Amino acid sequence: MKSYVLPEFWVDRDDYRCIRCGVCVNQCSYDTHYYDPEDDVVRAREERCTGCQRCAVFCPTNALTIRTHPYEYRPNANWRKENIRDLNRQADTGGVVLTGMGNDKPLRIYWDHLVLNASQVTNPSIDPLREPMELDTFLGAKPDQVDVTCGRVQGSLPPQIHLSTPIMFSAMSYGAVSYQAQLSMMRAAGEYGTLANTGEGGWRRELRVYGASTIVQVASGRFGVDRSYLNEAAMVEIKIGQGAKPGIGGHLPGEKVTPPVAETRMIPVGTDALSPAPQHDIYSIEDLSMLIYALKEATHYEKPVAVKISAVHNAAAIASGIVRAGADVVVLDGIRGGTGAAPKIIRDNVGIPIELALAAVDQRLREEGIRSRASVVVAGGFRNSGDVIKAIALGADAVYIGTPALVAIGCTVCQKCYTGKCPWGITAADPRLGKRINPDIATQRLVNLLRGWSFEIKEMLGGMGINAIESLRGNRLHLRGVGLAEWELEVLGVKGAGR
Amino acid sequence: MAFYDYLIVGNSVAAVGAVEAIREVDRSGSLAIVGEEPHPAYSRPAISYLLTGEKTPEQLAYRDPDFYRRMAVELLAPRRAAAVDPARRRVTLEDGACLDYGKLLLATGGRRVTPPIAGADRPGVFGFISIADVAALKEHIERHQARRAVVVGGGLIGLQAAEALLRIGLTVTVVELMDRLLALNLDRRASATVEELFRSHGVELFLGAAAKEFRPRPGEERVGAVALAGGEELPCDLVVLAAGVAPRAELAREAGIRVVKGIAVDQHLATSAPDVYAAGDVAEAYDFLEERARPIPIWPNAYHEGRTAGLNMAGRERSYRGETAMNALHFFGTPAISVGQYDPPQEGYEVRELAGEGFYRRLVFKGEVLVGLVCVGDAVDRCGVATGCIRDRIPLSEEFKEKLLADFRFLSLPEEWRRRRIRGEA
Amino acid sequence: MKRVYAREEVCMACTLCEVHCLVQHSRSRDLVKAFKRERPRPLKRLRVEERGPLSFAFQCRHCPEPDCVYACVTGALTKGEDGVVLVQEDKCIGCWTCIMACPYGSIERDLAQGVASKCDLCPGEEIPACVKNCPNDALVFAEEGELAWLSTTT
Amino acid sequence: MAQAKLSREDDHVTVDARDVYYRQLNETLRGLVQDGVGHIRLEHVFGQRYIGTNLARPVDIEIDGIPGNDLGAFMDGPRIEVHGNAQDGTGNTMNSGRIVVHGNAGDITAMSMRGGAIFIRGDVGYRTAIHMKEYRDKVPLLVIGGTAQDFFGEYMAGGMVVLLGLDLAAGEFHRASFIGTGMHGGAIYIRGEVQDYQLGKEVGVQGVEGEDRRRLEEAVRSFADHFDLDAAGILAGNFRKLYPKYLRPYGTHYAY
């Protein structure tokens, strides 16, 4: 059947600069470029181009410009190119339109409508280059009282995770991301004193040396979950939902279940790895509690247990239930959260922005007097350290970053993760592509990212006259809203700027 | 009377190999070379470039002009050794000089074999192994305005001469006793390629033909025709006689040193006489494929032998790793390379071939091990990878035999060997 | 001496090492001119081998006891005091004995000039062009003793 | 809450679990196993959860009473025999070991189970054997003497489940619906009657012959041994095998 889908990108090749070296040809995993020996020219099959810019970055003579394809339908505010393209893709296949990465729709980004405070005259700002600034963060349930005698905490505390910066790497499964990508995140987390999350796709043996900086996930597929999986990690996270696809499960297609992926997930090679929508042992808060304590039993109460949910309308009530069910950490993943593969219609339309969910959850837990019984970690669309510090001020203990980490190691957010052909080797199943990530380089880039953001956070803290991130946590007085409606300011619990 | 810690008789590649090795170990010991030619060591395989005028004798120098000084070598040339007395550790030169030595290396090379052909000593009959040979040939051509040449011997030297003569404008005929060219250097199929090359360039070939007599020009001493056993008579203005070389082992034989065809040596290249070593075309060094000692008169082996002898002479014990026959030829721009047992005489070998336009490759296996190869044309590229397989006796499964035949890449080697190669552990 | 070593596990066969090697050995040292204008076209001195997920770039090992130098019939190949094995092009007669001898297959035929062509470790450069331009650190310029870390992926 | 009372005879230990909180009970068991005790008898068990979850070594545990939810969750090695009923979540994500229940078991029995064996003499609840899976030599086995409820074997990705229907009256159907919905691995053997509408659409039905028959007989004999039943008599019943029609049930679900 002839497809009516037009190419999304246009390959603009400066023939004067093109030296026919073939690097674009070998770097494009979608076979967009090809060399025609008869005419001695490199050509492109535009319909295959995903706009990942791999070729443009690697072209030694900068001969390539990959731009949005200039084709035009009649201008129409309702029937835009994207709508027509998706319709055609579905008419071609009869399937659910897949996509990758986070929501790309112009939903209001509240971070951009929140501004931070700074000290002037009446309380001095702190120079972070001169004064010690503390970003240390501890995840875990905090007791109502602590008995400190002779400078030591008496009795035992619930298990705590120490982070040297309140930024962790989100759950990304091996199989969804390449071994090299996962390795790099775990190494970087270890080097910088934070954590990386395995996702639900199991945990390779070789990576368990990074256990002290690893969060393992228990999700509906229960892939690779056994006692050693649980006990060799620093923290266990029950995944109920994911911001990019609230309420649905995941299907890792059989062709991605290669021998190493099968081994890691502990399933046969080539079968679909299906994660059902719900965890079938959790149909209620009571059931959730059952699993939380099963995991605590399995880990001798030595590991904090986190519960991750998508940010949805009644997130606050659910979070309250999660805390009461015994979770040490509540994780909220907002509507802009990323994914390796999700139905586009769900990614773009289900869930609520993380800013609102965070504010609502923090508020609710405070009102109920149980905020200290669990840490709150938020995820979904954090782009820079400003977003992070605003989240802390809104009440988060720490954030998960996914897309920024991937961008640091090459991702250009082309949204084709689900093809398994990521030309940057990040979400690739093919070992030829995974090699494109040199874990040494990627680790360094990730550590640089954490370092840069942490410096920036210290600068902003210092500017507010605060020398420990702990003092900013939930301190919404340091935030003001700009361009927000009353109801939004109310949900966020912040005053409008100027007030 | 002079004394040298190291004395070398002969001034070609084996001598240079020995000098360079000795100086790696011993920077100060006295060292002299007795050379019978008035030149520094030169590239004997390239002398055809003298004939064509592409190189001067100076450009043929095997090492830079400063070599002997740098290496602190006293070059005694042109002088010729007359006798060796191992008991007194003394070499007597033809001019009567006596040179005493601590260690002696005999690297006297080979000499042209002169077959029993009537008139072989006639003017106009030339060898083709030295600068002097070429100079004489060139002088003859110019003086007599020579137009027609007959090359007797379709081996490597004869064909180099034939191509050079052709390129300077002579008409050339090649007479070869065997039924094909380069019978000692290539397999039959590759020989046929070379024959075709020569024929297409207008060279007439008489294969399976014996020269019976070099007949004079009417009224002159100098050669005017070559008579073949079959009755043909080939009129000519000159003859290049290239019927092979044999070890020049007289010095050693007369000194009571053990000689078979060449001078017998052990794994240190030491002869039967104390402190006397031999290397190069005069010696019978170990062939690791044949698993026996035999003279292999080729340039790279001579260097290796000289180098091994030199190291041992200077006191750094080194066993000769063994070499085997190998040839890199090129005629009319087409290269051909052969290594080892490329034309196995007996059963028990497996031959695989791959041929295409301007491309021929033959690999010979004994069990899992590559023992020989022939490459013609573009097939020569990176063929050292295969030579390495022969030398290191790399076991090759069916899969890798086919891969190697298709492509001389590291990816055609088993993983362990590939990794060793990349790490540089040849 | 320092050599160039390949790290198979991060070589992605992009061939940028070949591209920049060629440019380094061109007259213009300009990417576009070297590829499109210079005739005879300059040659790269290393090769990328690739099959499936396996790939690596490879060039001369500059052996301590170089078979090619020992085999060279004209003395065109030399190993300098610095250990670098070089071809003196004016002495090379294109007999390809070196190609026969080198177990690394690291010498190529320069057919335009009829001489052997091989890695010279980029004289005058602190780091050879291939190493400097490898986008993934899949080539390292290192002493043999520094090799232990080369094969680690974790 | 009481402390667990122990009485010891060689490496046999009897634990009185009356009024003991589950955390203390499990801690006690863990201590015993660490001390190398090989046989533990738990008396007066009344709803204590997670028994067997945190025990790292093979150990025999006999339970008198009714263990609580998640009996043997994540379990790796112990052999548990329950003289009574079990609650929900028995063998949840179990990796190896054995659980024998002489009564009934509740919902989500053997959910996500990857290895070991579970034998239930009576009935099981809803969602039994959901997402059971297998991996190399780890092929979990679940044999149920009675019948099961809905969503039996849903999303099943591996392993072997046998539903015997021993207590069904003549002509009585099994009750479960949505059997094997989304099933993409493993096999379910059913003795007794089910109707087509009860089966998920990803499930195929066939007779039990050859290697299937051999596996089934082995499983049934093992089951019968635990409960002193007549294996031959059980095997004389009418068996059918449910198998996944597709390894990739949702292969054409998406537009790429």
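Per-chain residue numbering starts at 1, and chain names A, B, C and D are given in the order in which the chains are listed.
Keep in mind that, in the parts below, contacts are C-beta pairs under 8 Å (C-beta built on N, C-alpha and C of every residue); 3 or more make two chains touch, one makes a residue touch a chain.
Just so you know, these numbers come straight off a predicted model, no measurement behind them.
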item: Geometric centre: closest chain by C-alpha means; value: C
item: Result of counting contacting C-beta pairs for B-C and A-C, higher pair; value: B-C
item: Centre-to-centre distance between subunit C and subunit A (centres being mean Cα positions), rounded to whole Å; value: 43
item: Approximate Å spacing (C-alpha centroids) for the pair subunit B, subunit C; value: 29
item: Subunit B-subunit D separation of Cα centroids, rounded to whole Å; value: 82
item: Subunit A and subunit D: spacing of chain centres that average the CA atoms, whole Å; value: 37
item: Pairwise touch network: line, ring, star, complete, or other; value: line
item: Pairs of chains, among all present, that meet the touch criterion; value: A-C, A-D, B-C
item: Residues of subunit A defined as touching subunit C within the complex; value: 16-17, 19-23, 26-27, 58, 60-61, 180, 183, 206-207, 209, 425, 430-433, 435-441
item: Subunit C to subunit A touching residues, read off their complex; value: 7, 9-16, 18-20, 31-32, 34-36, 52-53, 55, 135-138, 153-154
item: Touching residues (chain side subunit A, partner subunit D) in the complex; value: 89-90, 92-98, 220-222, 225-227, 230, 251, 253-254, 262, 266-268, 270-272, 274, 276, 280-281, 290-291, 293-295, 297-301, 343, 418-419
item: Residue ranges of subunit C touching subunit B (in the complex, touch as defined); value: 3, 5-6, 8, 49-51, 54, 56, 58, 61, 63, 67-68, 70-71, 73-75, 90-91, 93-105, 107-109, 144, 147
item: Subunit D residues touching subunit A - in the complex, by the definition given at the top; value: 23, 26, 30, 49-50, 53-54, 56, 69-70, 73-74, 76, 88-89, 92-93, 95, 108, 111-112, 114, 127, 130-131, 133-135, 138, 151, 154-155, 157-158, 182, 184-185, 247-256
